[in-house]
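Two complexes come next, and they have one chain in common, chain A, joined by chain B in the first and chain C in the second.
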Partner chain A sequence: MRTRSRAARIALRGAAIAAALFLWSACFVGRVLAQDEFQLEIRTGTLTRIPIHIESFLYESGTSPIRFELGETPEDLLERDLTYSSFFRVSRGPMALPGPGLQDPLLPAGVRSIASATIRLSWGRILLTGNLRDGTSGTRIFTKDYALGDTADRWAVHAFADDIVLYMTGERGVAQTRIAFVREHGTTREIHLIDYDGVGEEQLTKLSTLVLSPDWAPGGDRLAFTSFGGGEAAVVGLGLRDGKYWRVSPGGGMSASASWSPDGKRIAFTRSMDGNSEIFIADSDGGSPARLTFSPSIDTSPCFSPDGGQIAFTSDRSGNPQVYVMDRGGGNVRRISFVGKQSDSPDWSPKGDRIAYVCLLDGVFDICTMRVDGSGVQRLTSNEGMHENPRWAADGRHLVYSKLQGGERRIHVMASDGSGKRVLTGGRGGQYNPAWSPALSLQSVRGLGRP
Partner chain B sequence: MSRSANPLARFLTVALVASLALAAGCAKKPRPTTDVVKQPPVTQQQAPAEPSKPAEPAVTEVVLTDVFFDYDRYNLREDARLALQGNAQLLMQKADLRLLLEGHCDERGTVEYNLALGDRRAQSVKNFLIEFGVDASRLRTISYGEERPFDHGHDEAAWSQNRRVHFVIQQ
Partner chain C sequence: MRDWSSVVGNFGTPAGVRLRVQHPLLDMEPQNRRRKRRRRPAPLTAGGTSWTADRLAAARRLRISAAVAMVIHLVAFVGFAIALRPRPRPPIRMEGIPVQLVSLTQPPPLRAQVKAEKLSLKVLESEGDKKKQVPAIRPSGEKGGQPVPVKKPKKEPPKKVVQQPAARDTTRDAAKGLRSEYAFSGGAEGALEIGAIGELSAYAYYLQAVRDKIATCWAPPSGLSTRNREVSAMVSFQIDRRGNIGTSYVEEPSGTGVFDAAALRAVVMANPLPPLPQDFPGDWVGIHLRFVYEN
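Up next, the complex of A and B:
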């Protein structure tokens, strides 16, 4: 009896251990499954929009109606800028009668603010005096002069639009930005610039070699990119004011894929001496290069977190390209992408909360975003074509990317919820590798392509 | 130009002018214009032996086959090893040849990743040739990523031709 009960106790203990083992393994399986089941969400058009009304602009005597490219009026451009900002739902109407408290009976209900402007002459200059007032009380929110210049520059309207965004939302708009991208010129590639709305394209580099992967310095006054000018790929910097080039990456081996640190002092890039690409960091003038990754696999496409403390990058150390994050010194490397067979080309949002990247889902290359821990994956494109190289605008509400469809590769933009997709570029030779500039002043944006 | 077809490789034909200085501009690589037809592998293309006549330009044909890779891979396939053995034997015989190994990718994947991948492919080929006995100092690598496709199409037929290491003879 005694021995039986002892045997039973042993059997019981064995069963308990087995059960514990089973629970432990089930728990493990559960964790693996949870990893595979990271939420995937397809988004389009979820940003809320503020109703805003634009009145026809008033032209004072001595001024004549302004028409931009394709016959666009300043009001058309302002409407397009405000809609593009993804903050507003825009209505249009005639000029309201002067006088306090008067309300346009045609004004749509719920309009929060009304934008108007006067085009006038002042000391020989054409000014656009922009005005924003409250939609219900009619109280003035702001009035500001914007110089239109001799050629009725669109930048004045862009500046007005960005001020409206700032006053209404507290956030900086991106109407005064440009996009750098790569355009094919036969067998060579050059960097071109285009306004954020697809106007005013100009060729920036004339290096007659392969020039790839531009990245803006945070101040918008310099670019770094990959250039084959020295025979093999190297990271090269270009000052936009003086037009001077300098080499960033050390000699010997291939270097590419530059990314500026948020303080503008350092550049991360990938460098390969012997067929093994590793992430390096150097001063923006090329000084003090240091290696950050030590892996026998491909490590490339570094990008900084907005606080500069971390670097996201692509590595195939798991067997396929996936997105990893490390501290800026190279420590604490962890994989963050678990949805999709491949994840590549990360770009950290300016607010720091999400990472945009290329996701290979169902055999299709799409643009996705995820939280920085890899959760909350949102697929922003799911239509035909191959999508690549998503890059955030400074407002964190827009993304630019390239899309190959029907044999043609073009630059596209969209809001960060996947709405408002539109193509920015066209013409002969593919266009890809876009990078969205920070806010640029009018003086710094014209004629950069001049030799 | 050679119109030989091979399932593993296209052929680069380089006319080597022995004993006379090469004309400038012969670095430009000729490319076959014909489509590749699937056929059993040809192990080696041997140039006809030229008698040594210093006074006259003697032409020797050296044919080095491209080697091809699977998508997102840089390991050498069996067909690639066969082709490389042929290339390596030729290189052992022509000890004066210096080579640029160009790594290429198809257009899928990003520009940056493909630059790294093409670099890996070129390095895989370089390592194979070194193990075979080719002096490392004769071999240089470069990656063009996806920027120099052989076939500008957008399907697997084109992509399989673009995932390659291409040999350029440098003299």
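Up next, the complex of A and C:
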């Protein structure tokens, strides 16, 4: 009896070892089997925009044609999103006949992919089933459902557009983002939010005071900004879900121009005492403030690098304002901007390769970008009007800025190569201090603006 | 009770020493065993069985189970090897695409295209497998039911020519591009499977996207002076389903280290690439990317 159980145990142990080794080796065999290889070739030369085709959407029975604000159809919105992404050249056409291989004879030549969608009812909700297929073979690239909600929501189309950008380029789109900015209300200033395409503006703060320079937390659920409530300028945080305000900067002195660290845990800001501005850092809830710069000159406009290891800021320690970079702890300070009489308000690209800033060239303030070592300066605006406050979009391919022209300040957007400039805001009272949000989900957008 | 410390040494408490001694994995070596036995001539009994016997039994058990494991593993391995023995699986998947990509490298003018097609035919003929290969150029051959117009792929490149005016196209470019690709596909030695080719033609968009993204990240070193008019290097890498690039390496160096490094850096910087299409059957795609610089 005993020997038998021992034999069984031995066999069991042997089997276990064998199974483990077997699985381990099987992993490799599986890897070797599931492979596909292709050969490509790159030659020097310029690239054009990707030709993409949008077919009219199909409405299943029970659904009625959807119109958004300004009478836009979902196809219009998708076309706009794809055009704004600055990746695509969009064409439109009717729905293609079903079946593989059969293509619309009106399809423009060289179309790389075709976007289409079906709008249908599912459990009382309206769904937009987006579909992208290869322009040559008609084979599916992806299919995905987007909830339009009971009231048709533009965010579903934005999400579809971002997925198209992802599948066609590997980049994250910015269609599901909003831009926070400051709007003048007579003598006070308040923060407003607007969708990245210039639709759906709403007022976020109602503090009836001066509110300036908003900055998004990386998660898109909080904002930090400068508030003059209570007589002194302070950095204030605002939770967008619960609408709660909290103070970030310590009392005494004037604190302004907050910048979140990429991990969302710290906030860098400028604090002025006795006429000397220095860069400070504190936890996002205001705890453990610490001073980073020690210079009798004015140090301001801090901004984190995307890895959180460095901070770019403006300082006039060389005589006039220029952009400097220091380590997160305040050491290793070095000047990086050498082009232009003045350089101000740096913003580090989320891709980490470039810094956008305002440069004074030919007596005009323009938006420029440079590499993080200060080389490769590119001037993105020409000398018409005064440009300020450049801020990157989360994709590192677009910039938002304010522009003063003809006595009016407006928020503008452009691609990071200076193309595709468009004005985002209008109306009475100047608008400035824009900040581009990270990607926001529909739920968080619904919750925004109602604190 | 024995004084254990005198037997094993002057360290540790007796209890500690006993623990050490009783471990079955200790003293597996027969030599060791013998040496220790010599030092301890008296049988060490505790409750009838000697600890040496226990230890030997443990060792035996382990040996037997290892042998059993070996046998089972061997059987499984042989079985698996038989089940998955390398069937003549030609690397056709590498071949279908270059045909498609002729139009991608750079849209050649019409005359170049004609020349290119002649060239391709020539290569195919030399492989003596023309009949099998020609239908391979058809896209979506596996989409049963729908007859696919054979002429379609041939129509396509001229379309792209109209559409993407190339800055500096020469017939030489097109022919050269083709040649290099066929040099590669020559290794495939013919055998084709139309289904796989049809499947592959569906990913033309993807390969274009990969090429475009890496091209935007590519900064060929300036002032590259060579005697040859053209410098080229091939970089190989894998892309997983989510579009992440795995290890990349220079497969064919150009002979100019700076150029190779720039090519490799372009690939690294382009990470992540677009996710693979939802229906893509494999876990990853292998890409052999040739960087060509023309003086």
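Keep this in mind: the second predicted complex is superposed on the first by the 400 of 451 C-alpha atoms of A that agree within 3 Å, B and C clash if a C-alpha of one lies under 4 Å from a C-alpha of the other, contacts with A are read in each partner's own complex, and residues count from 1 in each chain.
Throughout what follows, a contact is a pair of C-beta atoms (placed from the backbone, for glycine too) under 8 Å apart; a residue touches a chain by one contact, two chains touch by 3 or more.
Keep in mind that what you see is a predicted model, and the values were worked out from it rather than measured.
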Greater chain A contact set [chain C / chain B]: C
Which of chain B and chain C A:F142 touches, first, second, both or neither: second
Which superposed partner A:G251 touches (first chain B, second chain C, both, neither): neither
Partner chain(s) touched by A:G331 [first = chain B, second = chain C, both, neither]: neither
Which superposed partner A:G186 touches (first chain B, second chain C, both, neither): neither
First, second, both or neither for A:L166, with chain B first and chain C second: second
Touching partner for A:G110 - first (chain B), second (chain C), both, neither: second
Chain B residues touching chain A - in the complex, by the definition given at the top: 72, 107-113, 115-117, 119-120, 122-124, 126-127, 141-145, 147-148, 154
Chain C-touching residues of chain A, taken from the complex the two chains share: 6, 10-11, 13-18, 21-22, 25-26, 29, 31, 33-48, 50-51, 99-102, 108-110, 112-113, 134-143, 166-170
Contact set on chain C toward chain A in their complex: 61, 64-73, 76-77, 80, 84, 91, 93-94, 97-98, 100-101, 104-106, 139-140, 143, 146-149, 156, 159-160, 162-164, 166-168, 173, 177, 180-181, 184-185, 198, 200-216, 218, 220, 243, 270, 272-275, 277-279, 281-294
In the complex, chain A residues that touch chain B: 182, 187, 189, 210, 212-213, 226, 231-233, 254, 256-257, 270, 272, 274-277, 298-301, 314, 316, 320-321, 342, 344-345, 358, 365, 386, 388-389, 404, 407, 432-433
